[in-house]
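Each of the next two complexes has subunit A plus one other chain: subunit B in the first, subunit C in the second.
Let's look at the complex of A and B:
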């Protein structure tokens, strides 16, 4: 793999990663958000796989495949099952901030991410570190999504996007995470999603809905 | 000395040819899009020459001016048509080096587009009718969101070439075709596609063939025009669409354009190239329109805010994903 191809593929992967985050803020249907999360997982997996092919490192490629299976296949499937049992009219999540304002805030967060990570890039300017602002922007956007959505599944998607962003930053800055560390982090995320799925089902059986804003009063 | 006079004569010829081609070809582009839509919807359609026949019919009608309108209403069609023809003379369509090249700045072109929009908006307000005011307020809302996006998207394309001159951007893209698959260019392309549909009043932003006044944006402003002035307004709308499609075609597919010092053979080749590119883009746009429904009006700012965000991401991607070869 030549330097130019490595640059190009890494830039495209980081760009697709950030674009998936922006589209998750833009779309409101739950099913569409979870599918976009799967695409983001594929873009995330492309980063360690590309680095592994460029550096001839089989461990990195293995990490990339594990990330692909977990974050692009397994976790979105779990979430789709939580969405799929919703009644038809509950598919939309009504955000607390309207879509136009959310997109403007996302633009501001992206610019903030680029400004904040400039000293980090200046430490070691390489093609991988130059793509770090995109991963950092996804972290900020994920926190914003968690804060500004009402539906439990949307907040779960925000949480998983946050973990995707942290993983992408780790891959880009450190040029390779050991397999054990990646497996440990992925196990944490999987348990979190399983618990969230169980809680969502329990909430729906007890309260008849998963709109968290309506769970304000204590039930007798 | 003779080479510089040769350069200026052929460049002037190419620029004049650009303006004439836009003048003559705009109704054909509109007719072609309507015909593609008709065929895909299973109708026979009126033929590609139907807009020309409509223009001819309206030119022969009596000029009627509503009572109470001022010179603003009377001059607006001329201002829109004039600004569009000026844009057609400035931007690099057939050849790169035009005599107006120093003015082929990104900001100048966007300002001229906005001048045409504002002229029609004021004419809609000048009539004093409810529909005119409604159309004008909707149009200016859309324009306020669209102009920053055009500036950002073309600026993202100008970052690799380090110049906001449109001819420089086109020649930079022609010399480095690999830039076209960079994230900055792809995002800028999507943002510009949304912007062209919004600025030209096509689906999903505005349905150009609607007869329901409450759903109109552009047509509501020009409801009071009749006769030759209406012909000029419709012609100017077609020319704006043609010029924007040609600009997008040359920014992203610059091959075939004649150089800064065109030879006698390069000018007709450039004309044929731009005609083919505009026809292809118009066909793709018409095909996409068949599968789209018009957005509800309060959702349009969401779409335009999204395209603004994509343009902003394109600028940051162009700046920060610079390859080491630059």
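Let's look at the complex of A and C:
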């Protein structure tokens, strides 16, 4: 792979990664945002695979394939099951911030991400590091999604987006953390999403829905 | 001797495996107590044979130094008391139908897994592995918080998992950035996150990236330690969890999360100077104290009251860490140990009070001293420790923290912290005296105290008295740990 192709593919992956996050902010349909999350998982997996091919590093390509299976297939499937079948449950009904304002905030967060990541780029101005602002923007957008959405599935999507952003940062700046940490972290994330999935099920049985506005017993 | 490092991890895991196969019964719950006790015993053995200072096991994956040993002692002590009391507590829950066979089996498996994860967190040499262990406890304790499966328990579980996972994810981002800085400081990719390597390369770490990492780590581990701004899970989770689990969360989970901050701080201080995290810890610590003290004043639920008292203590500990001197850190470690034992006493007592009335409202509980001498006296002792009264250890630790803050030129921080501590003191005295001393309502149910809970309570009181009168060899251990963390004066 030539330097130019490598740069191109890397930037394309980082761009698609950020675009998926923006589209998740835009859409309200729960099923649609889970599908977008799967697309984001593919863009994420493309980063280590591209780096692996460029540096002739088979281990990195393997990690990329595992990321693809976990974040683009397994976890989104789990969430799709949690979305449920009743039609009135499939939409985010009462968002705290309307779509236009959400998109404006997303733009502001992206600018903020560029400002925050300047020391990282200054330390190592390589093509991969230059894509880090996109990953940081996804992290900030994910936190925004988690505080502004009131549906259990949306919050779970926000959490996974946050993890995708952190994983992307790790792949871009250090070509991934040591294998033992990577494995442990992936396991933890998988279990956390499993727990959230199970809790959604419990919630539907106990509250008759998964709108988090019903969680208001514990105060003060 | 390096097998001693593995006992605290392997023993609880074995107990969990046994509980998985045999389910909740006297044998498995007793084995869990023994596993928790073995953490304490191996910590003592490691402490006696400390030798040159740091001991490694399995290719430098694990390490034990004075700080890890201190934390193992805390985990072992609180773990033993809490698992011991669990035997009677869960049997009573089963009798009253608050949980079923399946819930009890799950409890029997998850509690030892929690202990194993906490022990691995304090023994890990790689701060990435430490992160994995601390995050694993979120997953392990999720279903413990939701044990009773009521609406409130479910709500607490959801908040707990979501807020802690987000917080801890930020800590992972901080870890990744530290790894990046460490690689650029010349560390090799396999061990760039090892504590010894990070300390050795600390002066070459890029200051700007390290500051970014330190901020994220403070927020992230602060979330698990119950510090502002991700503290909102704490009172919900502590109030809904079964009493022994509340004790474990308050005494062990918060302390271990704070341990992670201390470890990171020792590296960050070398790289960017002590000023950066000092400011961060002061802001976070004082805000935590403020929120905890205000909510203590208006509290009407006794389990939430105890939870906010934990928050208050973590705020004080954060302020002590900001001072960062040898005296401050040694006092902080004593404070954390004494707080862990005291919270075990009061949370175990609160579990029995809740069972007697099926309510956690302060106004529903009257005349505890007259109704049950066992719960009344042990609860009183626990409160006395938390209030910092002599002869208990928190008197000495709070006094030393104050002295250290004054000596470090942080007089205004000390003043603000003391104000909040006094407010919290008044609130605890008012609510505590109401619950313990008021005449019992006519027809108040008797407070049942299962044998194992009583045994754990009495042991806890004896330990608190001993610790208050003489810290003995622990003092030297705490001081060595404080020196390790860069506390010099």
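Operating definition for what follows: the second predicted complex is superposed on the first by the 205 of 220 C-alpha atoms of A that agree within 3 Å, B and C clash if a C-alpha of one lies under 4 Å from a C-alpha of the other, contacts with A are read in each partner's own complex, and residues count from 1 in each chain.
Methods note: a residue touches a chain if its C-beta (ideal position, glycine included) is under 8 Å from a C-beta of that chain, and two chains touch if they have at least 3 such contacts.
In this text the structure is predicted, and so the values were computed from the model without any measurement.
Evaluate whether subunit B and subunit C can sit on subunit A together after superposition, giving fit or clash.
Overlaying the two structures gives subunit B and subunit C room side by side.
Pick one for A:77: touches subunit B only (first), subunit C only (second), both, or neither.
A:77 sits against neither subunit B nor subunit C.
Using the touch definition from the top, say if A:173 reaches subunit B (first), subunit C (second), both or neither.
So A:173 only meets subunit C here.
Any idea whether subunit B or subunit C touches more of subunit A?
C
For A:18, using the defined touch cut-off, is the partner it touches subunit B, subunit C, both, or neither? Pick first, second, both or neither.
After superposition on chain A, A:18 lies in contact with subunit B alone.
Quick check for you: in the superposed arrangement, does A:139 touch first (subunit B), second (subunit C), both or neither?
In the superposition, A:139 touches subunit C alone.
Touching A:120, do we find subunit B (first), subunit C (second), both, or neither?
So A:120 only meets subunit C here.
Check the residue A:185 against both partner chains and state whether it touches subunit B (first), subunit C (second), both, or neither.
second
Once both complexes sit on top of each other, what is the least C-alpha distance from subunit B to subunit C, rounded to whole angstrom?
Comparing every C-alpha of subunit B with every C-alpha of subunit C, the smallest gap is 19 Å.
Per the definitions at the top, what is the overlap between the subunit A residues touching subunit B and those touching subunit C?
none
Could you please specify the touching residues of subunit A with respect to subunit C in the complex?
116, 119-120, 122-124, 139, 143, 146, 152, 155, 159, 162-163, 166, 169-170, 173-174, 177-178, 180-181, 184-185, 187-188, 191-192, 195-196, 199, 202-203, 206-207, 212, 215-218, 220
Please give the residue numbers of subunit B that touch subunit A in the complex, ascending.
Answer in residue numbers: 178, 181-183, 186-187, 301-302, 305-306, 308-310, 312-313, 316-317, 320-325.
Could you please specify the touching residues of subunit C with respect to subunit A in the complex?
Its residues touching subunit A are 61, 126, 128-129, 131-132, 135-136, 138-139, 142-143, 146, 149, 151-152, 154-159, 161-162, 165-166, 169, 172-173, 175-177, 179-181, 183-184, 189-190, 192-193, 206, 208-209, 211-212, 235-236, 239-240, 295, 298-300, 304.
In the complex of these two chains, what residues of subunit A are touching subunit B?
3-4, 7-8, 11-12, 14-16, 18-19, 22, 26, 99-100, 103-104, 106-107, 110-111, 114, 127, 130-131, 133
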